[in-house]
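To keep things clear, I will list the structure first and then write my remarks on it.
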Amino acid sequence: MILQVEGVGKRFGGLQALSDVTFDLPEGQILGLIGPNGAGKTTLFNCISGVYEPTDGRVTFRGEDVTGSKPYLMARRGMARTHQIVRPLNELSVRENVIVGACFGRENHRLPAAGDIADEVLEFVRLADRSDQLAGSLNVGQKKRLEMARALAARPYLLLLDEVLAGLNPSEIVMMVEIVKRIRTERNVTIIMIEHVMHAVMNVSDRLLVLDYGRQIAEGTPEEVANNEKVIEAYLGDPKLAERLMTG
Amino acid sequence: MSTVRKYLGLIVTIGVLLMLVAWPAITGKDITRETTFTILLSVALASSLNILLGYTGYVSFGHVVFFGLGGYVGFYLMSAQGMSLWISMLAGGVSAGVLAFLLGKAILRLRGGYFALATIGINEAMRAFINNFEPFGGPTGMTLNFSVYRDYGGAGQALWLSYYVLAALTFIVLIVSYLVRTSKFGLGLLAIREDEDAAEVMGVNAPNVKTWAYVLSAIIPGMLGVLFFFKNGSIEPAPAFRLHFSIEMIVMVMLGGQGTVLGPILGAYGYQSLRGFLLTSPIFKDIQLAVAGVLLLVIVLFVPAGVVGWLRQRVPVLRRALQ
Amino acid sequence: MQISFDLIIASLIDGLLLGFVYGIAAMGLTLIWGVMNVINLAHGPIIALGMFSLYFIFDLFGLNPYVALLLVAILGLLLGVLIYFVAVHRVIDAPHLSTLLATFSINMIIIGLGTAAFSASPRNVDFSLGSLSLGPVTLLGTRLVAAVLAVAVTGGLYLFLYRTRPGRYIRAVANNRDAAELMGVPSAQILALSFGLGTMLAAIAGGLIATFFPFTILAGGVYELKSFVIGVLGGLGNPVGALLGGLILGMLEGIIPAFMPTTWVPVLEFLLFVLILLVRPQGLFGARK
């Protein structure tokens, strides 16, 4: 198991944003994390990646208890993530953004080696022609790919993708899904992805985890989850849901 | 050729500074030396501050506290313990660095305006404390016995010596500033400046990196404090911890271009020349502060990237030369 | 050392009364911070302008200082609106450094022009309301009136913020500017008004202080620093916290000299300031968010 999450919960003052989430993630899988808005998906990412300290439970990454660790230590241990709302380092160039990922990520590279990695990763996410542009000047789709490139440059074992498809046009979605698939096959990276574009997440994921109001309501293969009654209820009780989900 | 291209930014910076430094040495005039001393002091202080302000994005309004504390520690060693200028400068730098390290651990947690306010508070607390601290002479401060200068070839020689030491320190600051700007450490600082949370997620150990930037930006001001008050012959709390001086440093960094190596040099030169002009001009003499205020406002409102930043944006060809 | 109990009570009350005025000054600073996240570094010079305005209105027109204070308040409001549109509006969304420097440039302009116009020799508002003796304690009339006015101003500010439409707009903008704009609040005007109210409070504080102490154009600096301390003590952005913070600071200034030399007061004040920033940045009374 690359990641074990046991009974993780997070409370903000009086609000229980997340409670009792438990799952194991074997190496090499893609886990889709779905659920309505406000279900606690990003909160779960924050608890896993060290941005928040969980109020309850335990997170184990590659056999090490990392509950409440700092985000920069998690990056060093080989966990990388993207942000739902993109956070480019605006006044730095695209290439410099990716170099930051390579320099301070798992492999802790020096600048010249990090530069080579950045060039390779930018090629991979098809941003190489934008290398010297300021990151702030990219459009949303390009910024999403920049987030991806920064995360990949860290050479992570586990990649947390937070809605990398949101706000993209159909052709960009196809490109991004392709990239996600290639990450697994070519780079041997385990992935958890939060996604609202259902047909894409159904298509890509090995397993799905469904959150609703901070609780884990279902887990299983895409087919199992799509036919799960609780899940259908959570998604406004749409009886045709399963069909829609599978066909997109 | 490619080496020249690679280090063009540094070469231009050093070239500009060399011209500044050489001018009094060539003319040999005291008045030129004094003018240049003020400018170089500003360059060195502004460039030190730039490591924190320009690279890391933390606004230290009370940066003069390091100049003042270093100055006091060094001055005490010279006047009361009979130590040499060199040892005292070292001690001044070390004490400023240690203070920055301790402060860094505490107040660098604060963001934006809160950090700026805390630095003001630290400076004012330190000034008020020194005002009460009898070993450092309390409110009247300390003076150097004139005979101290004899070890440095007499008072006249000591002034030239101070000048060359300052020039050397300024070179060191600029080289450090350049090395930081082009290093992995510097990249981490820039990442923090742009988005500290995102930088942490990418693996930048922000608490540590910020603290070291703070320490780096404090050491040279501490040494400069010793040198300045050695040349001055006396030290008092008010000029040592003058908040206004802190803000002038920020203005110089902004004027030249924050986050660039060359910017603080041009900014300090521009600011001090302007100030000199205003002070001696019959029209502006009485309202020099107001004129400087109007200029600052114009820069903040219309040229926030400073001269170097503006040139880099407008003339991309110059990017390599202006760093 | 024998400490006289009466003396402590006397200086405590003296400090407390002064604290009301500190509170008004800090309220001006904290209001601007709370609404638009700007630290107004022109706060001190504006306090000084309040002093000078009161002095000139009193001296040239012979108006009663408290009537003059009304004019000072109006001038302070107008000046603030002007400063907002000239210096702050353009950089309101820029990083902190921009607004800090923009307001500092106003500081330089006021001090520069003020020094040229008023010279550096101290002025004095020659006005007295006598004093009131309660047992061992003697209260100066001007301080008593100032304290009462400070409470009235605070009450007025609250009525304005909670009972009038512009006041509600200010609170809406302070709470969430984007949302307020979406609901049709004219945010530029509201921000300008808030800035004006902040400087108005500073000018009123200056006018009141002018009835106690001699002053120069530089005299506001000390109260600016005190306003920072008080603002943080009461929670930046919290007007009532500012008044309470002012009282606390006033009392500390009254009590501390009974136990150690007066010159230690600023050391303790600023250490307290930094300490509170570190352990309770939301202030002793918790800031409204």
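Letters are used for the chains, namely A, B and C, taken in the order the chains are written, and counting of residues starts over at 1 for each.
Operating definition for what follows: a residue touches a chain if its C-beta (ideal position, glycine included) is under 8 Å from a C-beta of that chain, and two chains touch if they have at least 3 such contacts.
From a predicted model like this one, the values you see are computed outputs, not experimental measurements.
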| item | value |
| --- | --- |
| Selected pair, greater C-beta contact count between A-B and B-C | B-C |
| By mean Cα position, the chain sitting nearest the middle | B |
| From chain A, the most remote chain by mean C-alpha position | C |
| Chain A-chain C separation of Cα centroids, rounded to whole Å | 49 |
| Centre distance in Å when chain B and chain C are each reduced to the mean of their C-alpha atoms | 32 |
| For chain A paired with chain B, centre-to-centre distance based on mean C-alpha positions, whole Å | 43 |
| Two or more partner chains touched - positions in chain B | none |
| Chain B contact footprint on chain C (complex, rising order) | 33, 37, 39, 86-87, 90-91, 94-98, 100-102, 104-113, 115-116, 225, 228-229, 232, 261, 263-267, 269-271, 273-274, 277-278, 281 |
| Residues of chain B defined as touching chain C within the complex | 53, 57, 59, 61, 106-107, 109-110, 112-114, 116-118, 120-122, 124-125, 127-129, 131-132, 139, 247, 250-251, 254, 258, 286-294, 296-297, 300-301, 304 |
| Touch list for chain B against partner chain A, complex | 183-184, 187-188, 190-191, 193-195, 197-206, 259 |
| Residue ranges of chain A touching chain B (in the complex, touch as defined) | 49, 51, 70-73, 75-76, 80-81, 83, 87-92, 96, 99-101, 103-106, 110-111, 114, 150, 154 |
